[in-house]
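Listed after this line are the structures, all set down as structure tokens.
Both complexes below contain chain A, partnered by chain B and then by chain C.
Entry: the complex of A and B
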């Protein structure tokens, strides 16, 4: 069994008087692609944002790569975690090259940054073609690839992707997932994905969790989770 | 000639003021309505320290800038936890508090009577008492402000400022401490606003709380939007226009009883037209 990379224990998040996440335990193993599923409003995005420090947690611990970390984006990036959020994910007034450089802002060695950019544009050929184009002029799928590449700039151990397929055409979604799988295989990056587009993702994920109403209701292999009865139960609110 | 010099000095001081707000709002996206308060802190520090305690001009300016920066830093701790609209509203509240402190802390500020008898600046024994010499001094201050801010916004730090303006969440997930950056930007902006205040106090030789009320913050914002957010040259252009507009209105022939109201209506109208026709201003790169 692979080693544990991220261990979350008893994590709770509260907004005002509303408790959104209720003492969740969550684990990501080294080198795996993990899928986090659940109906709308289940708390998937909140959970990942709290792990990354974008939302303040109420209680619980986050252990990453063997160390307990108080989550904050700076601490998580330094520790080797990267986050690709939903929605607009690029600096549209900057070129592809500048966007990529932003992803390695904590690095000071220019040679190392240039080398990493070369590696990533070779890995994502679409970025090479439009290297000096403003991100604003890229299609939604290309922007998604760019945000993925930018998140990989500092060679993270764990990449968190929050609904990478949102707003993309089915064909492009397939390409994005293929690239995510390739990132996992080529760079050995562990990946956590929140996704509604389960059909495409279940082919690439190794393991998964189902969350509903802020509680983890199921954990298991992709095959178990893919069982249509389980998914139906979650989405119709019977597995809470 | 005296009139032209007066306008040129006022435009230059407003140039510094608009540049300082551009640094905060135009480059980092922190739309603040509290800028007049920091402008007032600079003006009152110089006035109080030189008139009541006999401090030198340079030392009083330095203390005014330092004080404005410290207050801005402290205020920014709760303020910058708020997002966009809420931040604008609270900065509006802070400007009202600032005005009432100047108005009611009579033992220090002399209240509504203001402080008069502020002397012309003397630097290393050289007095800038005439308008031509004072213009030289404010132009040096304007050029220095321009180049310091230009240097910052073109640096990697400036790139992060623009990233925060464009998408603070993505800037944050890239590993930048967005709140710390915003706090430092807000502090530096206040520092230069205080410099403008110190210069204005020694130029007019009299200050009163009314010169630093909420509407002044609104006028600085109008000058900034007019010239263009995210463009330093635009700030100077905006300052020129904001000073010239009331002067032009003087020659239109409105009765004296309504000329003040007409100026405010004109500023409002310009803002409405700009937002509809050219939201990025004359030279701007960024629109609200």
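Entry: the complex of A and C
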């Protein structure tokens, strides 16, 4: 678990004249579940989107699986990174099967795609039941599971989940996190989760970072980060 | 029944033109007004080929439409894209820009080919009609019906069964998500512009077979595409098809009951009824307010 999978050094992101991320260092180790937390507007989503190439970085390097990569979604997906964003997570006018196929768009081997779909619908039985159903007709929790499955189609080394609990009922959130933990154990996928809902993740995550105002302010075990005093300091701006 | 058959024939063309328009709209989310005049330009290319080369008609339609497809791609890459993507222009800005371009191209066509109505005929000898169950259909109308039918089937198969078709639907559904799964969205949009423009040229060629085309028809064609799209449900491929058919049939009924001068009034009345009572169209996908 100690080998580094993703190394980000001195990453800065600027929108117009506003610097959102200030020279951040960030590391994800092989096989770990890492939580990235911080108050609203801290720059969590921007940081992860910049690592994935959805936002242009101003400076810094991104090293993934031993290679320095200039981040772009295509390059990152090819290198073995997958991103599950916030908001509308699925192609709602497409069936579950089509959603999964879209997850392996860069693969050309149909046999490999079908095999992977079989593996994933076995892993997520809810998808098997509704295989030919439009994603539009699924519940929020089911859509989140589908987005996870789609992100796993190309068997990524690293899965980034941006607030997977958003808009879900607490009971469903727990189920989604259990599934995320299972993904980590069964497929060995390293996972980064951006989350406000720290309590639900305590049992799941191995390590975490706290980010505030675009700067990393703490790194450590989830228990240390979850210490109420530290959290209070972050949310009241005392650690920045 | 004859009115309905005539309505289906013209509605089929509207369906085809609305399909291409909707396909492009779904991918870029602005009204590509230039679409109408590119369709008309296709007819002028076809006429040029007819007068110059005397090749088989289908080949010339294909070549003219292929050229229009390439121009459509170029319009995205070098005209719209710098504003829509780089400058993040709003859909209103894109609409005005596109409308301006339509006027410019319309005047250029009139400058080169004069402002006359041109109709296309396949052969001068085959003008007579066929009789089926008391209904009469001309050879040109039969060509229109068959071409529309084949085009719709091919488009449905392409969008439903192929990887690239699925990618086009995905962009129409959730463009942000397509980026995160590693799709080169610009590549897909270029394909969409090619297919949409290709289809627009085919449909304008069919219109030229039936009633003829002149440079100012570009705006009329794109308006028909917009009306059919809104009736069917903007952003919905199936909706565009049914919207086009309904528009064609309603227009023909209007002509039969009130006279030809009421054709446009009938079309816009139908649009108004839909906007008032079912703004999301027959096959809802996006609310107009979005």
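A few remarks follow.
By our rule, the second predicted complex is superposed on the first by the 239 of 240 C-alpha atoms of A that agree within 3 Å, B and C clash if a C-alpha of one lies under 4 Å from a C-alpha of the other, contacts with A are read in each partner's own complex, and residues count from 1 in each chain.
Everything below uses one rule, namely that a residue touches a chain if its C-beta (ideal position, glycine included) is under 8 Å from a C-beta of that chain, and two chains touch if they have at least 3 such contacts.
What you see is a predicted model, and the numbers here were worked out from it, not measured in a lab.
The superposed arrangement places chain B and chain C in clashing positions on chain A. Applying the stated contact rule after C-alpha superposition, one finds that A:115 touches neither chain B nor chain C.
Legend: residue contacts after superposition of the two complexes on their common chain; A:105 is shown touching both chain B and chain C. By the touch criterion defined above, A:59 lies against neither chain B nor chain C after alignment on the C-alpha atoms of chain A. In the superposition on chain A, A:221 contacts neither chain B nor chain C.
Using the contact criterion defined above for the overlaid structures, shared-chain residue A:89 touches chain B and also reaches chain C. Counting contacts by the rule stated earlier, residues 52, 54, 73-74, 77-78, 83-85, 88-93, 98, 102-103, 105-106, 150 of chain A appear in both its interface with chain B and its interface with chain C. Residues of chain A touching chain B in their complex: 52, 54, 72-74, 77-78, 82-85, 88-93, 98, 102-103, 105-106, 147, 150-151, 154.
Listing the residues of chain B that touch chain A in their complex gives 156, 159-160, 162-163, 166-167, 169-177, 285.
Taken together, the chain C residues at the contact with chain A in this complex read 163, 166-167, 169-170, 172-174, 176-184, 285.
Put simply, chain A touches chain C in their complex at residues 52, 54, 73-74, 76-78, 83-85, 87-94, 98, 101-103, 105-106, 150.
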